[in-house]
Structures are given as C-alpha cells and as structure tokens.
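Below is one structure, written out as structure tokens; comments come after it.
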Amino acid sequence: MYEDKLKKLLNEYKTGELDENELFRLLKLMPFEDLGWVSLDHHRAIRSGYPEVIYCAGKTPEQVAIIAEKLISAGNSSIMATRADISHFEAVQKLVPDAVYHGAARMITVCRSVSEAPALPVCVVTAGTSDIPVAEEAAVTAEQLGNRIERVYDVGVAGIHRLFARLDTISSAGVVIVIAGMEGALASVIGGLVDIPIIAVPTSVGYGANFNGLTPLLAMLNSCAAGVGVVNIDNGFGAGWMASRINRMVLR
Amino acid sequence: MYEDKLKKLLNEYKTGELDENELFRLLKLMPFEDLGWVSLDHHRAIRSGYPEVIYCAGKTPEQVAIIAEKLISAGNSSIMATRADISHFEAVQKLVPDAVYHGAARMITVCRSVSEAPALPVCVVTAGTSDIPVAEEAAVTAEQLGNRIERVYDVGVAGIHRLFARLDTISSAGVVIVIAGMEGALASVIGGLVDIPIIAVPTSVGYGANFNGLTPLLAMLNSCAAGVGVVNIDNGFGAGWMASRINRMVLR
Amino acid sequence: MYEDKLKKLLNEYKTGELDENELFRLLKLMPFEDLGWVSLDHHRAIRSGYPEVIYCAGKTPEQVAIIAEKLISAGNSSIMATRADISHFEAVQKLVPDAVYHGAARMITVCRSVSEAPALPVCVVTAGTSDIPVAEEAAVTAEQLGNRIERVYDVGVAGIHRLFARLDTISSAGVVIVIAGMEGALASVIGGLVDIPIIAVPTSVGYGANFNGLTPLLAMLNSCAAGVGVVNIDNGFGAGWMASRINRMVLR
Amino acid sequence: MYEDKLKKLLNEYKTGELDENELFRLLKLMPFEDLGWVSLDHHRAIRSGYPEVIYCAGKTPEQVAIIAEKLISAGNSSIMATRADISHFEAVQKLVPDAVYHGAARMITVCRSVSEAPALPVCVVTAGTSDIPVAEEAAVTAEQLGNRIERVYDVGVAGIHRLFARLDTISSAGVVIVIAGMEGALASVIGGLVDIPIIAVPTSVGYGANFNGLTPLLAMLNSCAAGVGVVNIDNGFGAGWMASRINRMVLR
Amino acid sequence: MYEDKLKKLLNEYKTGELDENELFRLLKLMPFEDLGWVSLDHHRAIRSGYPEVIYCAGKTPEQVAIIAEKLISAGNSSIMATRADISHFEAVQKLVPDAVYHGAARMITVCRSVSEAPALPVCVVTAGTSDIPVAEEAAVTAEQLGNRIERVYDVGVAGIHRLFARLDTISSAGVVIVIAGMEGALASVIGGLVDIPIIAVPTSVGYGANFNGLTPLLAMLNSCAAGVGVVNIDNGFGAGWMASRINRMVLR
Amino acid sequence: MYEDKLKKLLNEYKTGELDENELFRLLKLMPFEDLGWVSLDHHRAIRSGYPEVIYCAGKTPEQVAIIAEKLISAGNSSIMATRADISHFEAVQKLVPDAVYHGAARMITVCRSVSEAPALPVCVVTAGTSDIPVAEEAAVTAEQLGNRIERVYDVGVAGIHRLFARLDTISSAGVVIVIAGMEGALASVIGGLVDIPIIAVPTSVGYGANFNGLTPLLAMLNSCAAGVGVVNIDNGFGAGWMASRINRMVLR
Amino acid sequence: MYEDKLKKLLNEYKTGELDENELFRLLKLMPFEDLGWVSLDHHRAIRSGYPEVIYCAGKTPEQVAIIAEKLISAGNSSIMATRADISHFEAVQKLVPDAVYHGAARMITVCRSVSEAPALPVCVVTAGTSDIPVAEEAAVTAEQLGNRIERVYDVGVAGIHRLFARLDTISSAGVVIVIAGMEGALASVIGGLVDIPIIAVPTSVGYGANFNGLTPLLAMLNSCAAGVGVVNIDNGFGAGWMASRINRMVLR
Amino acid sequence: MYEDKLKKLLNEYKTGELDENELFRLLKLMPFEDLGWVSLDHHRAIRSGYPEVIYCAGKTPEQVAIIAEKLISAGNSSIMATRADISHFEAVQKLVPDAVYHGAARMITVCRSVSEAPALPVCVVTAGTSDIPVAEEAAVTAEQLGNRIERVYDVGVAGIHRLFARLDTISSAGVVIVIAGMEGALASVIGGLVDIPIIAVPTSVGYGANFNGLTPLLAMLNSCAAGVGVVNIDNGFGAGWMASRINRMVLR
C-alpha cells in the first residue's frame, strides 16, 4: 500500500536514516496507486507541486468521491476537481466534508493549508458575460494554487472604453488571462497595451461561422501582438494552471 | 452588330421616334456581344451604372486589350481592369492610349468623364503595411466609381494609439473599408468605435494557422460589433464596389 | 451611480453650465454601469445612435429583465433583445409592461419614440420558407432602428419566375437583405440584377454537405456579383443593423 | 500475347466455331496486358463501349505514346488521352500519325470510325471564360464518344440576361453539363429552368474563400434544384463521359 | 385566384380560342400562389413534369397538409412529400384521404394517374442495411415519377460475392443509384463493372472519421470509375429525381 | 435454404463424394442468405476464419436477435455483436441462452469452442480512464478471436513513470493496441520504446480543439515512430480484429 | 566517443567479463552521439533491430553523407535513407562506396549482411501506376528489413478483373500493403477478400476534392472491411516498416 | 519630427523641468512616425520594453533598411528583424554597420547595450533537426531580449532516452520552449515531467496528414499535461518573446 510505504519513508527521514535528497529521490520513484480503473499518480504533488487534478466529465459521482478520498488519505492538503456538477460535489462532500463547490466554475476544491501568494495578482479578463464560467474555472484554479486573483469581466472591444477604464488593474498584474469567444479580438488588443505574459483562452461562445470556438482560437494564435500563449477552447483550468506556474516563478 | 444597333437606337431617340423610357427598356434587353470566348455584357453600364469590369487573372494581355477596346468602342467613358500585371497594361495601352496603370493596386483604369462625388469620402484603413495592395485595389475602385478616398494605413491593434490618432478621419467618412490579415481584430475595434457602415476585407497576410486569410475571414464574420459586412479574402475590388454603392446612395 | 451622474449633467446642460458639445464629450467619457456580471454600456446610445442590444442566448429571463429595466431607467426610449424565447419576454414584461414580443423573430422590443424613416425601404428577401425566422430578425431590427420594411419571401432560384415577379419591389429599395440557405445562389442572382447595396445572410437551412450554413456562407463570399457584403450564418440582427446604417445615410 | 489470342478468337468466330455470345463471354474474361508498370485493360472497350482512357498527368510522353500505340494495335478504332500537354502529343503522333491534339481541352484523340450520334446534342454551358478549359475537356470527351455538342459559354448569373438569351439552345439538349467556379450558382439556376438531366462540374476558378473549387462543389451538391449530379472539381472528362452514357441511352 | 385563371384558360383551350402552344406559353407565365409564408409554384408541373415537392422538415403538420391540399385543388394528380414523419401524414390524410405513407422512406405520396414506365427499371443498390431509409426515399421518388424499381440491398464490398450474385439485375437497369456510407467504395466498384449512368448517394452511416457522410461523399467524387454523378449526403430524393429524368429520356 | 445445402455438402464430404479442396471451393461460392433487409454472409467464417460480426448501432433488438440466431443455426460456434446495449442483449439471450454481455465493451459474444491461443498475448494500453470502453471493445474482440489479453490502463504521458512501470508487460506482447484521446501522444512514445507491431486507436475523449478525436487521429498518423498502423476513431473492434490477424500469424 | 566505448564493451564480452544480458543492458543505456545538429541514436539497432533511418528531406547531401558514414562506422551492417534524391546519393557514395540508389523509391540503402527472410512474402499492391513511387518505398524498406517482396501493380477497382487475376499472389502473402490514391476503394475490396493483416497507404494521387490524399486517407480509415491499419499519406516507408514487424513475428 | 521632440523632452528632463513620471507620460502619448507606407511605432520601446520588431517577409531590402535606420536614429540601442534573408541583411548593414545576421534563425539584430539577464536560462528544445530554424528564431529573440539560452536539440520521443539524458538541463530552466512538428508529442511528455512554464511551438515539419503543422498545433492545444501555452505554427519569434516576458518577471 502506498500509504504504508510513505509512512515508512517519512519515519526513516525523521530518524535520520534518510537524508532529504534521498527521500525525494525515492518519492519520485514511488509507483502510482492502481485502483484497477485508474492509475492514481500520488507523487505528482512532489513532482509538480500539486496533487493530480480530477477531471469529472465522464466519471460517476462515486468514482470522483473515491479518488478525492484517496488523494486526501495520501496526505495531500489541497485537491481540485474540474467540470464537476452538483452531484459530483454531493458525493465528495460525504467523504470529504470540508470540500467546497464553486458553481460558476463547476469546480470542487479542498484547501487545508494556504501557501504564500506572490505579490502580484493573476488578472482574469473576459470579453463578455457568457465567458464567465470559463473565467471562473481559471480564477478558482489559480487561486487554489496560491495566487491572488483580480477579475475584470465584460470588457470586450465592442465598447472599448470599458477596457480602458480597467487598464490600470490589468497592467499591474503578474500574468493576464484573456478569455473571449466570438472573434477573440480582446487578446490582441490587451497584448498590444501591456507588457505582461498573456494567456489567451478562446471560448465556444458564438454561433454560425464561430464553429464552437474555432474562430477565436485561430484569431488568438494569429495575434498581431507578440507574447500571447494560447490554450484549448474553454480550457479555463489549463490557463489558470499555466498562469500560476508563471506567477509563482518569483518565489522559486 | 451591337454598335450598329446602338447607333440606330440613339438616332431614333434623337429624332423623337423613341422616348427615353422606351430607349432604356430596349437597351436593357439588348443582348451581349459574343466574341466566341466571351459574352461581353454591354448593357451592364445601364443596369449597374458602370461597364463590365475586366478580371485579368487567367487572361492573356491580348484578350484583356481586346475587351478593353470593345468596351471603349461601345461608348463607355470609363473602364476598369483588376489583377492586372504590367504586361496586361502594355497591351491595353497600345489600343487605348489614355489607360492608366496603378502598380500597387494592380489595376488598369480609363476615365474620360468624372461624375460628381458625394460629400463624404470613403475611408480605407489597413492594419499593416502588407495589406496595402488590397487596400489600393479598394481605393482605386471606389475612386474610379466617383468617390473621394481617405487612406489610413498601418494602424493595427498591436499599437492601438496609432488608430486613435486617426479616429477623426475615420469617423467623418461615409463608409469605412477595414482591411486586415493575421487575426483581423481591427474590424471589430473600429466597428465598436464608429457608427458608419463598415466593409471588412480579410487578407491572406499571415502564416501558419492563418490558413491564407481564413482566420481573419472567420474573425470578421464573428465580429462582436454589429454592422460589419464582409467580402472575400483579398477582395479589395468587391469592397470598393460595395462602398461606392453605399456612399453614392445620397445622390439617388 | 450612473443615473445620478446623468441627471446632474443634464441639469447643468439645462441651466447653461454645460454647452452641448461639452455635454456630449462628457457623456462619451462616462463609464459603464458595472452590475458585477455585466458592464452595461450606457452611452452606446450616444456613440452609435441606439442603446446596447441584449443578446438573450445563455442569459436567464431574470438577467434579461434586469438589463432591460436598467436600460429603460437610464432614459433610453427604445430597446431591443434578440434570441429571446417567450420566458425571456414574460420576465421583461413584468418590469417593462409596454415590451412587445415578435415570435417569428424571437425578439423583444420597446419603442417609445419613433424616428423619421428614410424615403426608401429596406427590402428583406428569402429563398425559402425555412429562412423566415432569420428574415424576421433582420426585419424587426431594421424597423426598430427607424426604417420601413418590404418583405419578399420564398423566391429562391429553383423557381426563378417568382423572383422576377417581385423584382420591382426589390429594385426600389434602399438596401436589400438577401437570406438563403442550401447553396445560397439567390444572393448572386439578385446581385446581378439590381444596383443597390446588398447584405447577404447565409442560413443553416439544409443538410449533409451544407455543413450548417457553411456552404451558403462560402457561396455568398464568392459571389460573382460585386457589391455583396456578407454577415455570419443566421445573423439576421447584424444584417438589419448594417442595413439601417446604410439606409439612414441619406439623413446624416 | 493478347493480340494473338484476339486474332484466334475472331477467326474461330468467323468460321462458326464460336457463336457471338460465347465470343463475348471469352473476351470479357481475357486478361489485361501487363507492361510491368501498367496493367492495360484491353477488354474495357467490350465492357464499357470504349477503350481505357489515358490519364497523362504524371506519365512521361514516352509512356503515353507506348500505351496509345498498344491500344491501337489491340484493334481499337478510337482512343482518348486527357491532361495531355503538347509534348505528350508529339510523342504519340510519332507512333500514331492520325492523332489529333485539342489545345484548349488538353486532350489527344484518335478517331477512326464514327458511331451514330443520338438526335439530341449534349449542351456544355460555362459561367465564365476561365471555365472554358474544363468545358472543352467535357465537350471533346462527349464528342469522341459519339455525341453532337452545343457550346454555350460565359453566361454566368452576374448577367443573367445572357443566360436567358441562350435558354432555347440549352432546353433542347439531351443532357446539360453546367461548368462554374466562384459560387457555382449557375447549376441551380439552370436546374430550376429546364427538365433535363444536369451534370454539374465545379471548377477551381476563384480565389480566397473559394478554396480551389470547394465552394462551387459544395454549392452544387446543395443545389435547391433537384436532378443535378455533381462530379469532381475540374473533372470535365468525367462529366463528358457521364453525359454520353445518359445521352446514348435512347440508342440502347 | 390561381384556380379561376386556370379554369378560364382550360375552357378557352377546349373551345378552341387557345391552341395548345399558346396555352402552354401562358401557363408558363402564370404566377405562383402566395400564401404569405410560401410562394406555391403551381406551374412547376408544366415546367418540370411534376408538381412542387413538399420538403416537410421544419414545417408543421398543418402547413404540410395545407400545401398538399392546395396542390391537389390546383388539379395535380400526383404529389410527393419528403422527410415526413407520421404526424405530417396524419394531417395530410384528413384533407387528402387517398394519401399513402411510406415509413421506411419517410414520404407521403398521392398518385391518381399512372404514366407509362420506360422499359428499363431504375436499380437502387445499397452497401449496408443502414442505408435502406435513403434507398427507399430514392426508390419511392423514382417510382412516383413513373419508373419501375429494382432493389438490391446490403451488397457492400466487404463481402463482394454478394454483389457479383446480383450483377445481372444491376447491369440490366436503365440507371443505377448506388447508396453507401462508411468509405463509399461500392460506387467505384459498380462503376467499373457496368456501362450505365450511375448516381451515387453518400450516406451519413458511419462514425469517427466518417464525419457524417463527408468521407463517402469525397470518395464518390474521386471515383476512379468515370460516369458517376454524385448528390448530397442522404439525398435519396435528389437521386431518385435525377434517375427518373435520365431513365425517362427514351420516352421524349 | 442455406442450411440444407450446407448439410448436403458436408454429407457428400463425409461419404467421400467430395474431397476437401472441392468442398471448400463450393463453400466459397455458396451465396449469402437474403432476409430481405439483410444479405447474411454465411461463408464469411470460411473466408475469414470468423462469422460475420453484427454491428448493432441502428438495428432493433429483434433484428440483432434474428441475425444472431441465424448465425448459430448455420453452425457457427462463435458469434460477436458490437455497439450493443442491454436491450440488444436481452433479445439475443431469449434465442441464444448462452450469450454473454460485456457491459464496458458494449458487446455480446457466444463462444462454444475455444481455439488454441498464440504464445504471446495482445496487450491493450490506454492513456486515460475514459478510453476504457474502446479498450474493452478491442480486448473482448481479440479474446473472442482466440488471443490472450493483457490490459494496461491509464498510463498516459502526463505521468510517464506509470508507463515505464508497465513497460515489461507491454514489450513482451505479440501486438500492442494503444488507445488514447486528447493529443494521442502515447502511441508515439510506445512506438519509440518497443519493437512490436502497434495498432493505434484514437478516441473521441477530449473537448474544444480535439474535434471529437480528429486531433489524436492526425497525431497518430503523423507519429514520429515508424511501425504504427491507425484505425478509425473509437474503433476498438477494428483494432482487436487486426491485432488478432497479426498475432495469430505464428499459427498459420 | 561512442565507438571506443562500444569496442571496450564488446571486448569485455569476448573475455567473459560481461555476460550477454549485462552487455545488452549497458548497450541500451549508451547515450546517443551528439553532432551538435543531430542526436544520433546509435543503440536504436539494438532496441528496434535496425539502425536509425535517415530522412533526407530538408537535409543537405553533406549532412546525409556524414550521418550515413557515422552509422556505418558505428558498426551497423545495414542502413537506409528515404526521400533521397540523386545528389544525396552521390554524396553518400563518396563516403560509403557500396551504397545503392533506388530511383523509383527515392531511397539509398547499404546492405552488408542479409538476415533470414520469413517463409511468406510481403505483398505490395497498387491501384494505379502513379502510386508506384510510394509502393517502391514500401517494397525497398521491407526488403531491406529482411523480407521477400511480391509486387502487384495497377489493379484498381475500375477494372476489378485485373485484381481477381492476381488474387492468388495476394492471398498467399504474410502481410499485404495496399497503396491507392483517388478514392482508395482498393483497400476495402482486398480487405473483404483475404484474411491477412493489411496495411493501407493513401497516396496524394488525384485532384480537386481529393485534397492531396485526404480522401483516400478518410476512406481507408472508414473501411467496411475489418483488419485494415492505415499509415500517413504517401508514407511507404512506414508501411514497409510495419509490414516487416508483422511479417517477421514468426521468427521471434 | 519625432527625433526633435524626443531630444527636447529629454533635455527638459535633464534640466529638471520634467520629472520622470511626467516624461514617461508624455513619451507614451507621442505619436508614431508616419512614413506614408508604415506607421513606425517609436514609443513601443517604452510601452513594451523593446522597440518595434521588423517583420521582413513581404518587405524589400530597402524598406527593411530604412525602418532599421529610423529605429536606430530614434535612439534605440537594440533592434531585431525576423524572417530576413541575406539580401535584407546586406541592405541593413550598409546603413547600420554593426548589424549581425543569424543565418539559421533568419534574423538581423543590433545590440548596443546589454541588459542584466535573469539567473535562470530559457531552454529551447526541439524534437528533430528540421525544427532547428524555428528554434533558432526563438533562441535569438529571447537572447536579444536579455536572457541566457540553453539549447537541447533533436530529442524527440521516438528515442526518448535522448530526452531523459538532457532532463536536468531542461528542468533547471526558468521557461522551456518546446518545438516539434510531426505529431508534436514532445510538448506533452516534457509538460508531464517538469513543473516550469512551457511554451509549445508547432512546426510545419512533416507531410501528408500533417497539413503543414496543423497536426502538432492541435496536439499541443490538447496536451494532457496542464500548463502548456501554444503559439502559431513556426512562430519561434512569438515563443521567444513570451518566454522573455515570463523569464524576466523575477526582475520586475
């Protein structure tokens, strides 16, 4: 069992049998937990600084709850589940009572210890109101990973003065996540105005020749402003994760 | 022969045998001129206010020259040829000495009478310098159709202050033609700033996931700003033609 | 609060403290109203001649009703909501009793003052009966913006005599909106017959290799008739808006 | 050797050893001629009424000449080669002196016996002048297969009166081949006007969102007029072949 | 009213005031019937030999029933409706009691007079059992238009001996309609085996990289066998219509 | 009747009237069983070593049950049905009581005799847990065809140590089936690590720019590791079938 | 240096200091040779049974020659280079005089020792003559890897009797590689006729809606015959490699 | 003139008439330099920390040289030009003698002052040797912007031990740029191994179903490893720019 092995190693570390470097080397080699239908990657927390994130789409509430419980039992103090609906949450809550549900973001989080946040916040900007679910997924993800969040919503280029009114907030962030559907022009406009790493998230908001987000995806990849990295359509989680990796560099 | 018929009709009109309405009715029914390889549409000038435009791509210099000469012989005072290279021009010039070549626009024009221009100009705006050939095609087309032109080039959103500096010029036009490649965001930004009919022209400027202009085409069709009509990729001529139709409405 | 600021400015204008130019300059700078989940762009009426239009898709009836009420409170005499179903309307009607529902167009309108209409109507043409919902969205939009409308429905090219029977109506309009699914040939045919600005709207009517409107979209963009501007698939609203911008030019 | 076998069979037929049915049965089973790099299908003339057609693209002039010579030696009185340039023709002419080159159609033909033509002609119609090479490939193919041809070129819908002027010619054909690039609307318009089998050929004429003929291909497949069969982009040969199969049905 | 006009014309024809040619000329000019939401094309029966076909998708049962009744009242002895479900049929049956429902084909027909059928049948071939609904639409359409039908179902190339067992039936038809999903190879195989006009119908049968019929559509357009005309995905009706046009040529 | 013919042939074989070669030749020519709506290919078991597989999608439970019963009556000792839901199974079970349902694989099997398995197993590997249904379809198919199966699930490249931990299992297989959605990188990684035939199955697991499996399909086709053959998206059955053909070669 | 290390290891093995297992374990860990611009993977021969294959496209003749020489110096007795033109060969030949150029396959090979071939050959089949270059790449690759080759060229389904005439050759192979452009139907037809592992290679032969091989690629992936694995368009090398992996299984 | 204005401002700053904040505010408002065909954005250096980068594709050597000279005259100490061929460089060198040409990267740089580099390098990784030009564009860009560079080339997943051998170098970088064509799997593999911001650049290396880089683009966007931002195909410059923005955050 993974947990026993873990305890033994930690004990040896405490008694001095293992030094820190050796402990970490062994932890990195420790295999995953095989539940038959899932290979739970317990040492991801060591490798990447955060335990494996649960992607709920296509999993039953029970499966999600079991994985959540296993991760907590393995000693992780924080966990995150994305694309969760309320039934996933209710199943998790039974096993992990301090789990929290974020409705707009469709996420479940548990947070038992808070790491120090970098001085600068991650700023999450949306073009319209329909982009907010994706934005919240990004925001909750980055917050859970230990960043302060600034939200600037509904400032698309059809009424560009709304953007300029919030430009100070945007330009004082450590990283900016720009979330837009339709033609996705907001990423280019912000990319031309601020000198900060920008992560662009196309959303499937739109109709007709929008092709479920293909149009803003292509537009963002072709941005005339340099320094814009793009993630998959509606992938708020990926954007929040990358934003955190960037924003927390100052703490390395 | 078309020309003989035409002369006869005009004569009858002069002597009063035909009144103006009847003359026009007959002219509208008059068949085209069949050169074997081309059905020259001589009464397009009557139907649409301008003679048939010669599309030079795929035609030999000699073919273009013959068509140009036929159109002039049929009594048209203005003609236009698009996608013309210098060899097309040289062949035309031999038969129609007052033809003019517009290098950047790749167009040949003949203009023997000038119609009154509307009070407001057509404003042609580009995002970058590589969009200029398409812009010039639009500008020369609209000018040839009797409009004043304002050119505002290289004001893409990567340096949006350049756009704001020229906003007065743009917002005092009758129609705005916005020409952009890459992600085509400029059309949405201008569409959100001015309350004027906007014609958007995507260009094939860009690389990779630009897909030869598909990206700005899709972006412009999905513009979050209402009131933007889109024409084909690199279709400066179509934009200039539509702009003129709109701009000259005040003279109807 | 936006409303208080607005009242103060209007008062100062009444008392002569502010002249008209200064009033307008300040209004243009006035920020939007931030409802948390939406940045309501109150001065769009000043910038573009009409208040922000409510796009109901993805909004709850309550959200639509609140925005509608806010726009009316801000002093707008007309408002428009698109992609509205009957439940959106019922919620709006509780707060704005004189709201009207247009079932075929799926729109809600309020109209408390009527602006002068241009002499020429906007003509809305469809190829088939299935295109009518999109056509009605265009017609109601252009009407709400102060234009007279002529409807010419079900005149597709499979029975082209139906089109010729209505050609007089079409050719005496100020702007023509052509709405077609399947192969979208109607736009090219009308574009070759009349010398009027044409806005083409592809619809998602069709099946198989129609690809939800991609085929008529591409066909319209490649129209062999010049002077055709295209909007997004099923975008009746955008077509009506652009038609109004064009048609009302004579009143500038 | 194929030729020896053939002679033997024909001899036995002449002497009465073989009756006609048995002769044909044996011919149908006769294998092809294996040149190593090509499996020459000698009995296609029996199976399909015409010998194997040589597709020259990607073959050397020498390869084409050898195949042509083999087909003639095998007793065929007619042969056809498509996508041939002048060098292919020159090589063929050395071995088959009565070969004819059709420049516009890029075809080589040999015709040593003429079969009876059906009463009605095949009518080949194009939208523009750039479609003529494809049209000529269709026309020469159908002619070579024993049909009279009517050519109606450059009658696209941008000047629809040109089409109506030629409608009598079109509607008195046995089959109509409609060839168009750009948006391909001509197929639908003719399909709605005449009650004759129509074969539509999209061409790669156009630019930008035409995507090398994809747009007219899709448009023709979605034609609102029933009874239109479509062949591959620029496939004049296929259209001519199918037209002949249809047109010659009355002779079966 | 259309019906009154029609009666008057037919009366004049009976009394000899109109000769047949003139009657037909006038009928061809007679306008359609405008029901507000539909421009009913009453003289299509004269122009194309069959009254307007009702496409039920997107129409209410009541709309279909009204159109059916109008077509019958206008004197047509046959009518056809496609993509009809049972509720459409029930509504039609109330107004037109002799209407017949074809469940597999999803069609409604009325047939009050039978025209002479050509000697050769139309043969409808499918690759699999899932292609049968499309095949039945083609078969019922061609039968209703006065052709005998031969059905050869489930003979795809994965078990090619089934095809060879039925080859005699196929090769003695006047026209062959080949219907296949998945990779659509059957059209090419039959095209190489028989010398008869072939209409290929791709179906949306398949999954994954089939892309709802795009794969067999492309395959059929690229068939290595000449003489194959393709119609839209799942368009059994169009195939049946074209097959009838071809098959009935011998009766012209 | 097929069964009678079969019995007669087998009898003649028993009595020595037929030798084995002749028996097989006749069996290969025996026609299929025509149920009207399906051409049941009874001698596929002889041709390909396994009776026709029933694809349940789009078939009623009754149709599936009838086909299953016919295949059993024809003397097959094993049958397989794919894309079966529980209602298909229940109908089959009534007629064939020893049928087995595999829920995860959505398959029905009957297995009355077991053929010898090759020494090496077929190894089925998945990148994630959502790929398991496709994996089970592959595994049950290959097992039913007489192979031992090794399952290695949820070892995607995001936690590549999980893959290395199972590499011994993978590299000792006869064939490896790699099943992955998202970006499909697992196929390339395994392809670079082992020298065994690899069949890659892209799945429709993913969202946004995954385009329902198009992305892993393209990735697998472009694998930088040679020796990877790809089947259709989600086509576990095809992969299992091909794997068995390869794995059982040693028994030929 | 790699070569020195190699010699030392082999010496120790000869003297008994290293046993075979240990030798192989060390060889597997031996790093690649870093030429600065290329990380030459010297132990691929051990891992995969054949040294790294040189892909010449985009490499200069000199680069190819250096890599070839390095591979030979490292003790490999066979090397292979694909997509090589004659200039690549000439450069290689100067350094490796026994290199052989295969013009049709565009390959360079060196073969200094011949491994035992399996009893069954690899059969390479093409639909047309234009597919031969891809076929030769597959054939030379599989031959170089120690397999006998049978070539069956130009047997496409348009003349299916040519295929049946060669069916005995095809059905007695160990693996069949089917190479086809246009609609790629040949893979399905062969897949339905033989019970042997089939590798399908789509080629870019075709035009128009063939889209450079996309059509046969999709068709092959959707083959109605099970047991077909597909490789990238024109990827003869990949097909030959996979065929060899499969065919040589009997020698494991 | 821009330069005069600049000097005046700088003088006032020196004399104390302007404080630093005011100087910067004014500089930010200073308009661009209008050369007619280009709006040179002189204050980009202030806004984004680096002067406008010259994109040479589609510009003449003379145009590039003039822009380079203008940027230097405006006081910039560093400039960069991308997609430059040797002729662009030669023209620049005449006006700016200390310009440097980077052949592999196709870039021109001038560097007159060196800013402090962050402690951690930017690591540029490629899958193959053909990806090196894109990698060099990224490397030279990031270096020019003040970062140390580590190059790890040709470590694609087909020989994954090469990657592991260099993992220490990769995991000690501040940012990793992963450049890959074909199936682009390398980005996912590295993304699963290190906890550092990753920028993925798909390249157009590959053929067939690679579609000029579309395949790795889609694969990278769908990476199963979180925290990967993607830029346009072959966009080494954009990747280098974004990497620098991220890497230099520690200096803010």
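Note that the chains are named A, B, C, D, E, F, G and H in the order they appear, and that numbering of residues resets to 1 at the start of each chain.
The criterion applied here is as follows: a contact is a pair of C-beta atoms (placed from the backbone, for glycine too) under 8 Å apart; a residue touches a chain by one contact, two chains touch by 3 or more.
Being a predicted model, the structure only gives us computed values, none of them experimental.
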Fill in: Option in C-D, C-E or B-C whose residue-number contact pairs overlap E-F by over half
C-E
Response to the item:
With centres defined as the mean of Cα atoms, the chain at greatest distance from chain B is chain F
Worksheet item: How big is the gap, in whole Å, between where the Cα atoms of chain B centre and where those of chain G centre?
Response: 55
Fill in: Length of the line joining the C-alpha centres of chain A and chain C, rounded to whole Å
39
Response to the item:
Shared-interface residues of chain F (touching two or more other chains) are 158-159, 193, 208-210, 214, 217, 221-222, 226, 232
Discussion item. What's the complete list of touching chain pairs for this entry?
Written reply: A-B, A-C, A-F, A-H, B-C, B-D, B-H, C-D, C-E, D-E, D-G, E-F, E-G, F-G, F-H, G-H
Worksheet entry | Touching residues on chain D, where the partner in the complex is chain C | 127-128, 156-160, 182-185, 188-189, 191-193, 206, 208-211, 214-216, 218-225
Fill in: Contact footprint of chain D on chain E as seen in their complex
47-49, 53, 120, 174, 193, 195-199, 217, 221-222, 226-232, 237-238, 241-242, 245-247, 249-250, 252
Fill in: In the complex with chain B, residue positions of chain H that touch it
29, 31-32, 37-39, 41, 44, 52, 57-59, 202, 204, 212-214, 217, 232-235
Worksheet, complete the sentence: In their shared complex, chain H is touched by residues of chain B numbered 129-130, 132, 153-155, 158-159, 161-162, 165, 205, 207-210
